[in-house]
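Everything below concerns the one structure shown next.
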Amino acid sequence: MQLAVFALFALLSLVSAVVVVAHKNAVYSTMSLVVVLVSSAALFVLLGAPFIATLQVLVYAGAIVVLFLFVIMLLNLGRENATGEAEAPRGSGQKWGTILGAGVFAGTLLALIWRTYGSDSLEPLQAEAVATKPLATLLFSNYILAFEVIGLLLLVAVVAASVVARRVGSAGEAEAEKEG
Amino acid sequence: MVPISYYLLLAGMLFIIGTLGALTRRSGITIFLSIELMLNSVNLTLIAYSRLLGDRMGQLIVLFVMAVAAAEAAVGLALFIAIYRHRHTIDLNRLNLMRW
Amino acid sequence: MSVDLTAALLKIALFLAFFLGTLAPIMVWVERRACALIQDRPGPNRLGPWGLLQPLADALKFIFKEDITPTEVEKPLFLLAPVLAMLPALSTFVVLPFGPPIEVGGRVHNLVVADVESGVLLFLALSSLGVYALVSAGYSSNNKFSLLGSIRASAQLISYELALTLAVLGVLLPVGTFRLDAVVAYQQEHLWNAVPQAIGFLVFLVAMFAETNRTPFDLPEAESELVAGYHTEYSAMRFAAFMAAEYINMAALSALCATLYLGGWKLPFLNPPSGPWALTALVSFSGLAVKVILFMCLFVWVRWTLPRFRYDQLMRLGWKVLLPLSIVNLLWVAVATLQGWM
Amino acid sequence: MEAQNLLWLIPALPFLGAIVNGLLGPRAPKSATTAVAIGAPFLSLAVALYCLFQYLGGGASEPLAATAYHWTTGPIAIDISFLLDPLSSVMLFVVTFVGFLIHVYSVGYMSHEEGYQRYFAYLNLFMGSMLLLILGSNFLVLFVGWEGVGLCSYLLIGYYYQERVPPAAGKKAFIVNRIGDFGFLAGLLALYARYGTLEFGPLFHKIAEDTGVAAGTYALGLSFASFVALALFIGAMGKSAQIPLYVWLPDAMAGPTPVSALIHAATMVTAGVYMVSRANVLYQLAPGVSMFVAAIGGVTAIFAATIGLAQNDIKKVLAYSTVSQLGYMFMAAGLGAYALAIFHVGTHAFFKALLFLGSGSVIHAMGGEQDMRSMGGLRKQLPWTYRTFLIGALALAGVPPLAGFFSKDAILGAAFEHNKLLWVIGVLTAGLTAFYMFRAVFLTFFGKFRGTHEQEHHLHESPAVMTVPLVILALGTLVVGFFNLPPVFPGGNGFVHFLQPVIAHVGEAGAEEGHALSAGTEWALILVSVAVAALGIFLASRVYGGGRGTAGDQTFASRFAGLYRTLSNKYYVDELYDRVIVKPLAWLARVCWKVIDSLLIEGTLGVGTFLTELTGDLARFSTTGNVRNYALYFFLGVVALFWWMIL
């Protein structure tokens, strides 16, 4: 049963991942990424991390990726040539690149399989192993500093983002200055 | 029970797909998405090991990774907007002002 | 079929029957009649008594109308969008408790579809996926009004989700768990959360309107400026799906609001009868339903009373008023919890 | 309060004043600046007087000593410690008293200057440094003060930094002093290396005990004592403007006149004399060097006096007279009459400060004019300045019973006793001094006014804040000489007795100073010096008096044309230095620049630069400007690592 669920979501995420990378239209890529993220969240649940899985959907799929979509639409990057994908030149470089990529992919995959072959025995999940409370305790005791730093990082990121993306000398700003 | 190696294998494959995407695509947004893919595969690995070792730190690190990804997305996308405003493209092949 | 599965299916059926089969059509009728009342005109009154059969006729019309797919749309996404709208709307119910635990055949069942630990979070996570429907609908329509509508929608949803989540956090803080049945149980022992956390309640209420794109926050589908926004190009059943999703979302959020702030399924001074389990379940469910309907009426009332916000006003309200207010609420709750007042 | 515990306050207060005024700068109101600038030295003077009374009232038997701070710890333990013994008490009194008066005078003199705050910050800094120099009980503290006053001297000479000459003069003073300081430091290092301490008491004790100190060769064919004495004297030469390092002092007149009075006449320049007297143990053990000191002093005395004959700038005259008087002091010190040298320091401080301040008053009245040829007949307009200046000039000329007479006469007595040649030089110098001083007096205050009408209209007596210090200094000039009456008088030689505890007696120089001569010889010597002074004044009045003014100079110049030109050009010493030292050094510097720096070093570096550039040219082909290419390099590296780790 679990294996079937795993297989379903693993397949889903692999296929979607390929779409993310391969699709010419950025909107489809982004939507596929959402699928990858949600199926990963399902796998997280299988791995006994429901809280992280929920957060993955809430934060990652629900907020961060929406931001991507938002920007894609704002700049209208989906269909336009702005991404440059449409005019990609075809040449020998592409061929060699493909061969190299495939080689690296296959080789690394083989190496991975070879190295990870043979299963590790897992303890069955216990209720307390899944609980959220110990996680919170850990986060707010041992890792409180990291938590605070992350909070600061987010603040800095927000400020930086709003400064960078601001339209310099825009009409609205000039007006606001006049008013102020 | 699903062996932990399956998860690791899946994560590895996702990571490679993401890497190839980041290396081969020209659109800044797609590269960004590929990087998110890589991050996600790392998250999967972390959770898997957290499960294997019975250590919650893995989950915590995933939390932090998410926060960092959020920050990164915010700043990165803002940069894209700024770049697009100046150059009217986010084709990374054309963003080569630093070229000698 | 296992007992658990049967029970789960039963609960789901109950919810679907109520929300999809009953509440949504009735609310459509209520909305139209109330609108007419407010605008001092009769409204639909031909089909059935007081026009009560009008929703049925509408539904039939939606089903049998021709389904038009414009040629220039992004077809996969265009077809997917209504599904994406319905899916999260319907699935959010799974975490809502609608009664006390009941004992059936020697087994204790919690009256909630998915008895998961991170219940509220799951609700928020699922509802946050709703934005993809709007975005893909707007984008795939290949129409500038739709695109604008979906851009507005994504910005609006992200902005108000923050305030909403922070308000919810205030409720969870004194309870100490993400489980909604614990929140209900907590409110049975204390006051309803709407009283001590009036600010949070207010923030939640406003954010709720924005999350469901209802007036005065219906900018993504503003008829007068965006020609119905993201669902301009939709017709027949697909349009109906969006409509239904909107009403179901409203209902779901109302239910969440009732659970978080107004004591959940528990009506004041009325304890669910300790008779047969089915009776208990139904009565307590009706308790929740009553509150949901009250909220729905509020939605309708507000929609036909208040004018639409301007977009910059919307953003200012979200970031500069609601977000700070929700943080103030959270601080107050934190202090109160620490001091043992809650 | 124990007096020695207050000693640290004496230098600390002016430092505090310097910090306050220096940091506040022009932000503070002028009155506040003045209050701080005057208050700090005043408090310092008060504390100093308190300590002096405590010390002298206690019979001056035991020196007051206190350690303010353990500066360094470990193997090199040097304290910031203070010492009040007869020697430093004399200096302390002179510096605080004269210094305070000059501060007061400066308030009037500098009132219209820009950078008023800067001036007083420097002046207070100088006071602090000078007091540190005097009160320090070891050579290192003394050296710190020594360098501090050097710095302040540089700053104050270059005070008018917008003009051309003063900064150059400041630099000259600083560089010449550096040459001297090099010798001083060498001496200190040698002392420390041999004895492991720089504290005066233990150090001199050890030197006196050290039997081998005056024998053998240490360096340069000199014994240890001689070497150190010579090295220290080189330092003193620089600071106290002795041949050949005197050249900076006349140029230092570019600074404000009160600065000249305080630093370049009364206090700083006498630091060399103080230091030599302090180290008298060493000098007594090095008779050759002492003789050298005396000879340098004598030569400097007469050399500077002759230059002073032909100077037209009133401050230059005083500057050369200062150099000349410093020569007297070294002559005394070299002859073993350390107490007389210090006595002359004290008296000289009074009357030379008086003269400088008087000249400052004249310059002030003349609106900045310093050339005596444009003055004349000022005694009517500047009565108080005239009177006080006259007293100072009489004192300097050696007319009894003024201060200069007693100290100069005592030195001449010591010279007569030890070395007749030096006595002759001293007497000649005394005559010349009287002559050129009264040349200055006649040219400035007598005859007709020779300046412009505008200047004449502008003439006025200086304000009280300037004249009162003049009067006080004049009174001091009248009084201080009596501290050391000639031995023929009852109670004579009091000052020498007072200083006796500081002057150790090592080896043969055992006789007490000034007692070797018979009373008849003493009287004869007194008569000779008075006669010489009178002669000088008389000649000056014949040449320059009676309204002749500058005509005297012209007759002098036409009669001894070559001599006059040589004198007025200061023996061409500056030109000589320029030719012998500055030009070759500049040439060497050019060689270093052109050959060593440009050719060798930059050439070598050029090869490196070329290689770097080449590498960069080659490597930049990998820099495509395409981010993904960089990512690819990165990724290939990761893959390689991965394979290496996995296999």
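Labels A, B, C and D are assigned to the chains in the order they are written; within every chain, residues are numbered from 1.
In the analysis below, a contact is a pair of C-beta atoms (placed from the backbone, for glycine too) under 8 Å apart; a residue touches a chain by one contact, two chains touch by 3 or more.
What you are looking at is a predicted structure, and each value in this text was computed from that prediction instead of being measured.
The chain pair with the larger count of C-beta pairs in contact, out of B-D and A-B, is A-B.
For the pair chain B and chain D, the distance between C-alpha centroids works out to 75 Å.
Between the Cα centres of chain C and chain D there is a gap of 94 Å.
As a whole-number value, the distance joining the C-alpha centres of chain B and chain C reads 33 Å.
Separating the CA-averaged centres of chain A and chain B is a span of 6 Å.
The set of chain B residues touching two or more other chains comprises 23-26, 92-93. Each of the following residues of chain A touches two or more other chains: 51, 55, 63, 67, 74, 104, 108. Interchain contacts give a graph that is no line, ring or star and is not complete, per the touch definition above. On the chain B side of its complex with chain D, the touching residues are 19, 22-26, 31, 92-93, 95-100. Every residue of chain D that touches chain B in the complex is listed here, in rising order: 620, 623-628, 631-632, 635.
Taken together, the chain B residues at the contact with chain A in this complex read 1-10, 12-14, 16-18, 20-21, 23-30, 32-34, 36-37, 40, 43-44, 47-48, 50-52, 54, 56-57, 59-60, 62-64, 66-75, 77-82, 84-85, 88-94. Residues 104, 107-108, 111, 115 of chain A are the ones that touch chain D when the two sit in their complex.
Per the touch definition, chain C reaches chain A in the complex via residues 74, 76-77, 116-118, 121-122, 124-126, 128-129, 131-132, 135-136, 138-139, 147, 150-151, 154-155, 157-158, 161, 178.
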